[in-house]
């Protein structure tokens, strides 16, 4: 059982959700305690810059997921 | 219904708007409360560094969208 | 009429200017008021770290513009 | 003997773990003392922004590892 | 006359110097006054984090220059 | 004589060391005085966030070096 069986997703939106998941897993690796994470979450969700930093991490992971999915472009038959 | 049906856009400017949207959606995922986001917005829109950080996130997402659209280059007929 | 008709530029220097423009447009989207932007500008132009952050955003956008222009490499005839 | 024999991993999850390892090795290079690192760890694991920054580094390294593994896409037989 | 006629350089080291130049030009665009830049420089050259941020910008620009030069790989004759 | 004759390395680990070197050279360019750098080093090696920022720069340079080495993938004989 794995939390990351593949980088392939059906849709761009699913890919975006996967990018969010990757961002959170990296936090989890550094801070494995769920209660601590929850407590910190309530702080930084009230800070504009913290939210922007978090958005940057998602953007970086979304680059990876989007590339993995060849940007969900329809296959070119030619 | 999805907020992100595709990364394809007709023009570079539309692609830039999509990059802005992606940046905001990642914030929304972390802070789902619209009132809080609105309140924070008025703060960071008055801080030069906050605006620069936000611009960095858009730039990162624009890389993804631009690549997905092959940079809106005219198709090569060869 | 659009402020971003294309990512194509004639020269690397024009591409760099476009990267600067993209960086500023992302700020404009978040802070549409020109007077506020002007006021903030005078602050952060006096802060070394703010300037470095701004330079990072330009660098990120320049990656996109340079890729879009295939790095302005002379076309290979082979 | 090397801590980094290859960027190839069997699965995306292993690749993510390698990205975490790369992020930590870069810290180790700058601060070789394990006790100091352990002490600092307990600080920043309690700071939301520190965790987000760490997650950003993992995301950047994961881009590299994922590209190295061609995103763990099944080989296309055509 | 242009300060950026090409992204092509003869060697990786020249490419690195070009990345430094690109980083500085982006600062110059935001703060055109040379005296102010010189004054700020003496500050941030004394701050470890400022130097790290500056190094990050150079790294980002070096990615662009290295890609433009196809990483200075010897041409493959096949 | 050059400190950067090539981006090619024999192994991923050597590539990682080169990424560290590139990160340090960019600092050296901004702060050429070795004593100052040494003094600052002892500060930031005690700060978790400084170490994370430094790790981010290495990650960015490692992307470049890894791409230059085509990720040290074994050559495909086909």
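When the chains are written out, they are named A, B, C, D, E and F in that same order, and each has its own residue count from 1.
Everything that follows uses one rule, which is that a residue touches a chain if its C-beta (ideal position, glycine included) is under 8 Å from a C-beta of that chain, and two chains touch if they have at least 3 such contacts.
Just so it is clear, the structure is predicted and the values come from calculations on it, not from any experiment.
Using the contact threshold fixed earlier, the set of chains in contact with both subunit A and subunit F is D.
Steps from subunit B to subunit D, taking the shortest chain of touch contacts, total 2. The chain with its Cα centre farthest from the Cα centre of subunit C is D. Among the other chains, F has the CA centre that is most remote from the centre of subunit B.
Subunit B and subunit C have Cα centroids lying 15 Å from one another. Our note on geometry: subunit D versus subunit E, Cα centroid distance of 26 Å, whole angstroms. With touch defined as above, residues shared between interfaces to two or more other chains in subunit A number as follows: 44, 47, 49, 53-54, 56, 60, 63, 67. If touching chains are joined by edges, the resulting network of the protein chains shown is one closed cycle, each chain touching exactly two neighbours.
Each chain touches its neighbours in a single ring, whose members, counted from subunit D through subunit F onward, are D, F, E, C, B, A. By the touch criterion given at the top, residues 2-8, 22-27, 29-31, 36, 40-41, 43-44, 47, 49-50, 53-54, 56-57, 60-61, 63-64, 67-68 of subunit C touch subunit B in their complex. Looking at the complex, you find that subunit B touches subunit C at residues 11-13, 16, 20, 44-49, 51-56, 58-60, 62-63, 66-67, 71-73.
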